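So the structure is just underneath, and the comments pick up after that.
Chain IDs A, B, C and D follow the sequence of writing; residue 1 opens each chain.
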Amino acid sequence: MTNEIDLQSSNDTRKITIDKVGVKNIRYPIIVDDRTSKSQSTVAELDIFVELLHKHRGTHMSRFIEVLTHFHKENLIAKLPDFLMEVKQALQADSAYTSLRFPYFIEKHAPISEIPSLLAYDCFFEASYQEDYSLTIGVHVPITSLCPCSKEISDYGAHNQRSIVTVKVTIDDFIWIEEIIELVESCASCEIYSLLKRSDEKYVTEKAFNNPRFVEDIVREVTLRLKDDKRIRFFSVESENFESIHSHNAYACVKMRNKK
Amino acid sequence: MTNEIDLQSSNDTRKITIDKVGVKNIRYPIIVDDRTSKSQSTVAELDIFVELLHKHRGTHMSRFIEVLTHFHKENLIAKLPDFLMEVKQALQADSAYTSLRFPYFIEKHAPISEIPSLLAYDCFFEASYQEDYSLTIGVHVPITSLCPCSKEISDYGAHNQRSIVTVKVTIDDFIWIEEIIELVESCASCEIYSLLKRSDEKYVTEKAFNNPRFVEDIVREVTLRLKDDKRIRFFSVESENFESIHSHNAYACVKMRNKK
Amino acid sequence: MTNEIDLQSSNDTRKITIDKVGVKNIRYPIIVDDRTSKSQSTVAELDIFVELLHKHRGTHMSRFIEVLTHFHKENLIAKLPDFLMEVKQALQADSAYTSLRFPYFIEKHAPISEIPSLLAYDCFFEASYQEDYSLTIGVHVPITSLCPCSKEISDYGAHNQRSIVTVKVTIDDFIWIEEIIELVESCASCEIYSLLKRSDEKYVTEKAFNNPRFVEDIVREVTLRLKDDKRIRFFSVESENFESIHSHNAYACVKMRNKK
Amino acid sequence: MTNEIDLQSSNDTRKITIDKVGVKNIRYPIIVDDRTSKSQSTVAELDIFVELLHKHRGTHMSRFIEVLTHFHKENLIAKLPDFLMEVKQALQADSAYTSLRFPYFIEKHAPISEIPSLLAYDCFFEASYQEDYSLTIGVHVPITSLCPCSKEISDYGAHNQRSIVTVKVTIDDFIWIEEIIELVESCASCEIYSLLKRSDEKYVTEKAFNNPRFVEDIVREVTLRLKDDKRIRFFSVESENFESIHSHNAYACVKMRNKK
């Protein structure tokens, strides 16, 4: 033993419980569920926290990494409840929290040529295990938005741009990332692809022109599709449009709790 | 007139109120209150939003910038309630929101040589005007943290690092950014300076060694100083330590509502 | 005196000259030249370096900040040669270097309504003083680009997006940031504004549609305007288009040395 | 065929060759060489460019993604020359370029407890194929640096911090990323681990205290180890120290061409 005194375990008299304490911005290779090919390898950035009761001076930071190491080579997303339960035990805590951020790749086929290519979607998972387990999943979906006002008032053309739609759902039942992505893409002026040949480019240009959407329209259309989903307890929808005619962004947000 | 149809003002039948809609990431030169020299010029990044009732299809994005332009050369921080009131009127909205992020400079004197230099503190203000006006102010304070465990178990030395302490306070009464900064710095292993001569470097090295603080200690000490401040309705304290012995960070967070 | 030994000044036997050593990412309020209103206040992030000859073990980092402090409240851009000369003297170095990055604000008038608003341009200056003084100035100019191919192949519409054109010029003679910005904006499908009313939005939509530009066209048009400017010794032009139909970017770059 | 006119292939009369044109910031899952386990899966961000001769108006952006798609599931790093050769052919270009940035994970054992954990190293590869193939590999290595001056002048303690050492080598012969990492870590005050138990924390604290290094020392020590390596044609070494006593960073850089 290097030392007898364990400062972290000593008593604390300040009577202040710490809501969350732990490690932040750990990068780690993970395996996640994939609707098409069962699982996929990616790289995540993680935070792992516990609640620290007022009587303890400190937490044992190395144990978070030890627990994470136990889940190396496992499908971490599928095992999140086990992971958090083990964090609670290892840290002797009543509540454990984790959040993960990672790119997730989906093979898409160009709309006319049907040539396949991969597109990255930035996903995030936020899970907590207090008395019960709770899971929130999120995804940033890049889309094309085309301005209805610009189309309406102009003799030709319409400004359009890349937008990022962020959907976050707290769920009571399983839901695929792919479902959220498809739902969002169906509300866009047009969806985005990594690879477009000339015939595809004609298609997406005309499709966007035929489907003008304000930032307000996008979040409302997504809301309409989420508000009746019984698997979802709470959700938020944001759209940020990187306006081609400005250097600031247009933004809209709706947050809603679904009725049981 | 370029066109008769105002799409944004048309009726919307989807029955979805949008919580926040507007412009994001506008950069703008602003003037802010300064306890020492009355005011200081800096550069902010702003978001400005309103609530959009379900019956309206869109908001008029250009009006946000028009209102902002009216406050150019004014002390925007001092006039935030007026600014939001004008946003509400211009957009015919029941609720308006803004958030600003900007660096704020304070002249500090080195602890022994007393040579002055400027240090940047990243500040943020979040204000809303629904029926009432509400203001939250925040600041990221860079400090030195030195690990008590590392000091205790080692025959010499102790790992230390730069940390960022983030304090966010929702206030009922005026409070200076400088007050929050001083309060945080008094809870650190040592405060940070831009310019340190050799005598100063000896002082800060020894002071940090004499004041070891876990990430948990830092947020608890700051909490002790904020929890009895009658001007503060709600606050959060976070500390993120950029560990010199790891490439991930240690983190702790406390959120608390003050009793009236 | 706190200590007799000055480790930085001790001899080094490794025979390795250090190209650049100093301080990085200092934030500082600065004053810069402004063609319209003589000067403007902004906030910069600076790096300041010197060459360190092989015989010296270390440089004295605090002196960089001391010299910077001497130039507080001065027009740092106008005094860059003096600043670097003082760095050389303070550090007893043969070569000194600095780079500054800052937002610069220009009042623009909307094309039809003529309503004024401010637009931020991210600028950077890189200066060195070895035997001679050398200055490179750069600016990131946000513009609208509209794809000629998309316009050509589609029955209506054309994809367009925000692009950032970065111009960097090493100069022998004075040149205004404003000149570079105007030159770049004249090569775009359309320039960008912070505030556009409906009549302006019609104008910029139609103008962009009438001026389709590939990323290649943009850098070539800018190159044509820079290659005969006798004040410019060397330049580079980059354009990065944040494609509205992809989530990756289109990019082109030209670097050129002007003939004397 | 959607359209007869191929604008990109049309003649250009501006007589300006474009140094690099192509796609930027594509994210893609890749497989890379791993000294221990032969290969590892990770996620890269890529740029792919070609030179565009003055006579051609545009390049065909979709072909870059098509070529990348051909190398999906292959070890892209091992096949970089083939990849660039195929880019040249697909784009009918004389020169092709790519750069990749990705996290690379190495299992390290804590110095005393020997508990294994993974550490992420950010790597980058820059390859070009003009007449000949050329490869530059780079890695950002996080380390602990402890200030010799602070140790010398203080009665106890010494400020230390996380530093990032960036090494970039243009090579004539194969070199493992792992070799560069080990070489850099041997020049640090102490190397960094993801998981340290108490006995390990005592070890790294004391080791760093026993090995104080200025930012200048770090780049010189790395330079000494790289300058006699016959596999390396050109290299640069940078160290950026995130000073625990400042909020700016200390920085040093050496660039050198090795003798044949």
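Here is the rule we use: contacts are C-beta pairs under 8 Å (C-beta built on N, C-alpha and C of every residue); 3 or more make two chains touch, one makes a residue touch a chain.
The model shown is predicted, which means the values in this text are computed figures rather than measured ones.
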Farthest chain relative to chain C (centres taken as mean CA coordinates): A
Cα superposition of chain A on its sequence copy chain B - rotation in ° rounded to nearest 5: 180
Chain pair showing more contacts of the two, B-C and A-C: A-C
Shared interface numbering between chain D and chain C [over half = same, under half = different]: same
Distance between the centres, which are taken as Cα means, of chain D and chain C, whole angstrom: 25
Rounded Å distance, chain B centre to chain C centre (Cα mean): 28
Gap in Å, rounded to a whole number, between the CA centres of chain C and chain A: 35
Residues of chain B engaged with two or more neighbouring chains: 2-3, 26-27, 120, 149, 153, 194, 196, 198, 202, 248
Pairwise touch network: line, ring, star, complete, or other: complete
Chain A partner contacts - residues on chain B that touch it in the complex: 2-3, 5, 7-8, 12, 14, 16-27, 47, 49, 52, 57-59, 61, 148-149, 152-153, 214-217, 219-221, 223-224, 240, 248-255
Residues of chain B that touch chain C when the two form their complex: 1-3, 6, 26-29, 40-43, 62, 65-66, 69, 72, 103, 105, 115-118, 120, 194-199, 202
Residue numbers on chain B that touch chain D, as the complex places them: 119-120, 142, 144-146, 149-150, 153-162, 190, 192-194, 196, 198, 201-202, 204-206, 208-209, 242-248
